Amino acid sequence: WDEPIIFELSVPGRRGLGVPRADLPAVHLPDDVRRQTPPKLPELAQLHVLRHYLRLSQQTLGVDLNVDVGQGTCTMKYSPKVNDGFVRDPKIAELHPAQPEQTVQGVLEIYWRLEQMLRSISGMARVSLQPGAGSAAIYANIAMIRAFHAANGDSHRDQVITTIFSHPSNAACAKVAGYEVITLLPDADGYPDIEALKAAIGPRTAALMITNPEDTGIYNPRIKEFVDLVHGVGALACYDQANANGILGITRASDAGFDLCHFNLHKTFSTPHACGGPAAGACGVSQRLVPFLPGPTVDRTEDGFTLVTPERSIGKIRPFLGVTPNVVRAYAWVMAMGSEGLRAVAETAVLNNNYLMHKVLRIPGASMPWADQPRVEQVRYSWQQLWEETGVHSEEIGIRAADFGVHYWTSHHPYVVPEPFTLEPTESYSKEDLDEYAAILAHVADEARRDPAYVKGAPYNQTIHKIDGTSLDDPRQWSPTWRAYLRKHVSS
Amino acid sequence: MLEEIGAASVEDFYAGIPADLRLNRLLDLPAPIRDEHGLIRHMRGLLNRNTDTTEALSFLGAGCYPHHVPAVCDEINGRSEFLTAYAGEPYEDHGRFQALFEYVSMMAELLEMDVVNVPVYDGYQATGTALRMACRYTGRTKVLLSGEILPDKLSKLRDYLTPDIELTDTLDETVGAVYLETPDMYGVVARNPGERAEAAHACGALFVVGTDPITLGVLAAPATYGADIVCGDIQSLGMHQSFGGGQAGFIATRDEERLVAEFPSRLFGIAPTAVPGEYGFGDVFYDRTSFAVREAGKEWVGTAAALWGITAGVYLALMGPEGMREVGETILANTRYAMTALAQAGATVERHDEIHFREFAVSVPDADAFLADLAQRGIFGGVRISASEVLVCVTERHSRDDIDTLATAVGAVLKGARA
Amino acid sequence: WDEPIIFELSVPGRRGLGVPRADLPAVHLPDDVRRQTPPKLPELAQLHVLRHYLRLSQQTLGVDLNVDVGQGTCTMKYSPKVNDGFVRDPKIAELHPAQPEQTVQGVLEIYWRLEQMLRSISGMARVSLQPGAGSAAIYANIAMIRAFHAANGDSHRDQVITTIFSHPSNAACAKVAGYEVITLLPDADGYPDIEALKAAIGPRTAALMITNPEDTGIYNPRIKEFVDLVHGVGALACYDQANANGILGITRASDAGFDLCHFNLHKTFSTPHACGGPAAGACGVSQRLVPFLPGPTVDRTEDGFTLVTPERSIGKIRPFLGVTPNVVRAYAWVMAMGSEGLRAVAETAVLNNNYLMHKVLRIPGASMPWADQPRVEQVRYSWQQLWEETGVHSEEIGIRAADFGVHYWTSHHPYVVPEPFTLEPTESYSKEDLDEYAAILAHVADEARRDPAYVKGAPYNQTIHKIDGTSLDDPRQWSPTWRAYLRKHVSS
Amino acid sequence: MLEEIGAASVEDFYAGIPADLRLNRLLDLPAPIRDEHGLIRHMRGLLNRNTDTTEALSFLGAGCYPHHVPAVCDEINGRSEFLTAYAGEPYEDHGRFQALFEYVSMMAELLEMDVVNVPVYDGYQATGTALRMACRYTGRTKVLLSGEILPDKLSKLRDYLTPDIELTDTLDETVGAVYLETPDMYGVVARNPGERAEAAHACGALFVVGTDPITLGVLAAPATYGADIVCGDIQSLGMHQSFGGGQAGFIATRDEERLVAEFPSRLFGIAPTAVPGEYGFGDVFYDRTSFAVREAGKEWVGTAAALWGITAGVYLALMGPEGMREVGETILANTRYAMTALAQAGATVERHDEIHFREFAVSVPDADAFLADLAQRGIFGGVRISASEVLVCVTERHSRDDIDTLATAVGAVLKGARA
């Protein structure tokens, strides 16, 4: 399909949907509040709206359609279709969050049960399911840390320590919460530098916010020392568990002494990524942080499940109780897995990752920094050597790889690993999938050697051709909406 | 596979995890249900303990609204491709980029503003960010809130603006943003909003308006009366209530470089490709984001609520200008009818003389008892907002009969309470 | 995607689904009934099954995806998505047909109400919704005709008359029911030859089975005369209303005196075609044929809706009451349309057809036999002239047109119209859709003139390339299943 | 558009319809519901008057079975592409052809036969056609039926075989087909079917077997004991009950030209394309069909039940050989358990000593009263097959608790009836 922008399909007078009309007197609106000119929305018949979006959907590549191992750090896994049915059921879809508690006991029980599951998985005292996504959970954690220190009269603590291979949101959320951010770089072995940590901590330290395994796929074996050091200066330790998929049932946040942790239900617990949300985050906290949890929590009483706001709650992180559809999906997924199933998830994901690593490192030009360290569930690789030999960048490799129907991602910024690419093959993919993916990379790397200009000219086999992105950073040209485009590029 | 790698067992790969951190037992979880039918049976057992709003007659709103969700919206957001995609490039995910670009473009027409973001988590978050944007833009640290705001939303704002920004009641040159919520939590449409814009601008503050886009087929776009930033939630545009799971936030501004620079969220722009006439898409001004520069970026960006943006786009495309006008007119008429009917039934309707869109409050002797009594009659009568106040919501889904049923029940309940 | 056959994706030991296991003693099966070797079904994980079929779905072109005007006689129209929801509802999907009547009053009422609607639309006394599709309805009609004559002692009537532009199933079903088939050819004006009818009727005539408008799109204005002639010899007149879309609310079967008629719910009443079924047929009959209807019918009583078997019923045409999901969809569609809506459907369809005809006849090489007769809802065109000039056949034009993302059909056999193509644009398509479709045909016709070999070599832009069909009619080579293919083409 | 054509009004196009046939008024139809929400409300009002088998405990079978429908089956048959496609060519509908080819190929493995058709309407039709095929093949006009057959199915067969074929009880050289239903309507699995095949073949008749493919993970494929044609319904393989809307029929034979020539339905074959290694598809032996030669073809062909074929293919691919074996084992065990439990509860279980798959009958004093009494207890206890016989169905969806619940209720009902 060469599908036009929807405004180009508009024909005046067409309608996609009838609207209920009230057989009641119209309300007269005074001029100061009445809309004077109708919005220039497109006008289409229902079939044409449907056709347009169906075609766009076919131009999109989800987990269900491709070997989706190329989005390292984001744990693209299969989300069982049966779980979508629970979410579409009116018993979820048509529930209002302010209904009387006795009319929502089923969904409250699901929240409560999933909390118990995540308590078991993390070892933490309580878990809030309110945050709308992983970064929102990170923000909720830092907000609780801030409230904790404030309650203890420790408001002078104004620094948060993180590592460069922890997700950028750890640094960014701490900044929003008012903290100065100190970022640790890796040591020669690829671990967060413990000497740098020792130098950084002190009375101003509010918290350590750290991912483990980091986005390199390397598990920091001295993590408990890190936590102990931070505790030694009266600060809290907060665990970013976005990368939890390889360690489910293997090790827990509480085992290393963390005070807070978070999970992404849409990564580790199989809820679909939905083009970038809605997602769902979970915040686990130790006993001393329980009073600060976002409210309300779901508590079990003799009369059933009820909503309670913790005494020193930081308040609302998000409207209502959380992203209920994803809470329901995650609950159903864990129920289908059980403890042995979750352990099999972790072990299969880790096996898959090591198998793919084995294949990728055989591709001439591909390498892995800190090759001596074992990798858990993902690897950040480098095309540094290939780039030196051919001038082809990692991003260009990815665009050409997409010509073969797969997705591929480099890494977050800054590119500490040069010419990076980050693969996380999770438990959902088969040996044949991994072989296919590795073969595509090998093929493209070979192309890059034989004809670098060809690879740089990609894509060749996709909906559109190479995008000229110069306008996107130029305020005079950029067009973040169709009306801006018409104004800047068409009418003038 | 182990053999091909040359590993003895999966344990080899966990060599980095010290023994004292290893959980050498199975997790304590319920016994699994491994067959699909058993899982469905289990889940239905739980779900059947809910009474949903198609079974009771519901007048609940307060931020989560029972608007009609067109079947095509569900069809599109249920497509495997959109449901399971994530972070593809503008090539293999061309459709995702285009669908989101079209969503922001349709919102832009509704709002009459040139810049709209890819959705953030929800309207609360959008409002918090909009106010932070205004303060960064003006270099000031105070915000003046107007229009009545839901307590939960206020809770979020208080937390989210800490510690950089404080709330004030005084409009002066230290105020970075004047915020107006309209319709406000009571459904009241603010009169003469242009005067507030002028007052804000006179002090050098930005005028930030929080609204619901479903009003904008009939209500003036805030940009036309001077708003610099507009924000809110799009749940009304095609998302089910889903016990609060359908929220997503929008932020819109005019196309001014300094304002655009303050967005934390992604902005998708249209761009030419190597083939003349072909459209591609990409991130506008990516270097302002935390993805690009970590804590040096504007707040943060991450997975938020993109699928609801695509869905809202489908909704707006189905409705068109006429549909949006009609739905607004129906809601206005239903709201006024409900206010009158409840007043006639003996309820004290607050702010009866103002223009209400979708919501209004009634004063009752005991809100809890009032709602419990209605619930006994199969009616979710409203959201309790204080010991003596209940917020009632009517949309285009409510028929005249529904409203009459409520009024009759309210009359009976109030008579019972007086007796 | 270059998607393998599913057997090629099989890996021993994989599973797509868990199955409930009874915690009960196993039943021992004796050797004479026990399966000895497991079936060689493919073994795949759930994600891989899903991915395979999703990819195949993307290689399929439904009404929702393309300008589907090219399947004349089959009335491809938009089926509103909202109606699919009613069918997926457990209140339909999980109903068993033998439930107590008081537990299925809702669905029985839908059957009853749809019957009333179709009675109104056709003017007939009663309507059965049991047949599984249009041809099954035609068969049910001929079975009723046979039973009617048998009941009257008229078993010597052994001939059925039809026309060449009536659907082949009229001839074929009559043959199955034991009748000799007489087929009328068109006269010089393109109408069924009334003189031939007069010559054919007689004491052996059981029925006339005729479509109108015929598959040429021409309405036979003397249809009442045809019916009267047939009645004159004591035979019945049976109306194939597969082509009813253009005459809804314009004229009725009863107006022309028909004794029986049928509708296709999946054509005229918007239920989706589903790759070729499940569909649904409806048989309308006049009062004297009511006793012969398939059983049971849904009757309304004071106590509600109840099932009744007509006294001289031909029995079951299909298990249970009918294809319920399509009955539900068709009912909802008519409820959303109403009488004015149905009339608008017909008028819009006819306008669209005449507009498209106007465009197509401007394409050099395209023509329409009997050009003087007005066309109702479809047209059977001819590329005779183009073929004479270029040697390109109509089928080849269609394959090339599909390169542009649309579907196109020639006609039923025999090709009375040479090099035929049959277009029916229904009410669902916009002027732009029709312009696009006509432009594609014009483009391909132009290509055929400039480079006939290129058009004959099509497709170029589809999942696969030109198929070599020689094996399909050769018993030594044909492979109607994968196991036949392996035996004949791989293992040997 | 009228203008461009040069027509005055749409009436011009209806010039061919004589005035006396014109309906010069609107049809008599209910007032339309033009908005989607109103339509949903109307339809829910009707649907809510049904009690479905997830609300009651159902043991109804008799040709429409409550097997588990995997979510992926619904996902695939709900895809817009498959749902709304129809008669595309092997190019633009390559996916449809491949999905149907894969369905017949998986059925072929289950059946151990090389030729399987694209689905016909239902199992009744498939049986009628299979018997007609056998008579055409043998040039004979009699059919001998064995195994107990549901009255509705017999009704269909009687009509459909008229006037060319008559039913007989005597096996001799005039018989074209010996038909065996196994499991039969009582769920009884026929013993020593090979002996029947030999008897049929000895008389020159074909041996036609009617069965349910869901049995074939545990029961022998009829081809292995001599069946020439196998037929039946595939509703068990992934279709919902849908008040009887999930039926579709299959017919299978060995790959013998004369037998293949007798199929009325479409057969899809795999074929090479211009590119080596690439697969295409097409119709096998099209010239036998009524599409090709009208009444000279074999019976007729038309739109039937293709989507259910695709769905059954998805089902078989999900289940694989192990899944099919397990589901068969579970059903066998549940059936035997239910027979024992009902016998212990005091019911008279017919043919107790035979092997039953999924169904069995109980004799009761008054079938109508028995079923009505169970229905009062929220149980659809079985299908009435005579005044004193009820057919009970259990599948893999029934838990032991479900069966115990039935047995307890049956015990109470029978005790009540005796009291």
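Per-chain numbering from 1; labels A, B, C and D assigned in written order.
Just so it is clear, a contact is a pair of C-beta atoms (placed from the backbone, for glycine too) under 8 Å apart; a residue touches a chain by one contact, two chains touch by 3 or more.
Each chain and its UniProt protein: B, D = Aminomethyl-transferring glycine dehydrogenase subunit GcvPA.
Quick caveat: nothing in here was measured; it's all calculated off a predicted structure.
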Inset, instruction - Mind listing the chains that sit against chain A and also against chain B? - result: C, D
Legend entry - Which of C-D and B-C has more C-beta contact pairs: C-D
Legend entry - Rounded Å distance, chain A centre to chain C centre (Cα mean): 48
Inset, instruction - Could you please state the distance in Å, as a whole number, between where the Cα atoms of chain B are centred and where those of chain C are centred? - result: 46
Legend entry - Centre-to-centre distance between chain D and chain C (centres being mean Cα positions), rounded to whole Å: 20
Legend entry - Overlap residues in chain B, where contacts from two or more other chains coincide: 34-37, 54, 68, 70-72, 74-75, 80-81, 396-397, 399
Inset, instruction - Give the residues of chain A that touch two or more other chains, as numbers and ranges in rising order. - result: 14, 17, 19-21, 46, 50, 54-55, 58, 63-66, 80-82, 84-85, 405, 431
Legend entry - Interface residues, chain C side, partner chain A - complex: 1, 9, 11, 14, 45-48, 50-51, 54-55, 58, 63-66, 78, 80-81, 405, 428-432
Legend entry - Partner chain C, residues of chain B touching it in the complex: 34-38, 70-72, 74-75, 80-81
Legend entry - Complex contact set, residues of chain B against chain D: 35-37, 41, 44, 54, 68, 70-71, 75, 80, 396-397, 399
Inset, instruction - Would you tell me which residues of chain C are touching chain B in their complex? - result: 17-21, 50, 54, 80-82, 84-85
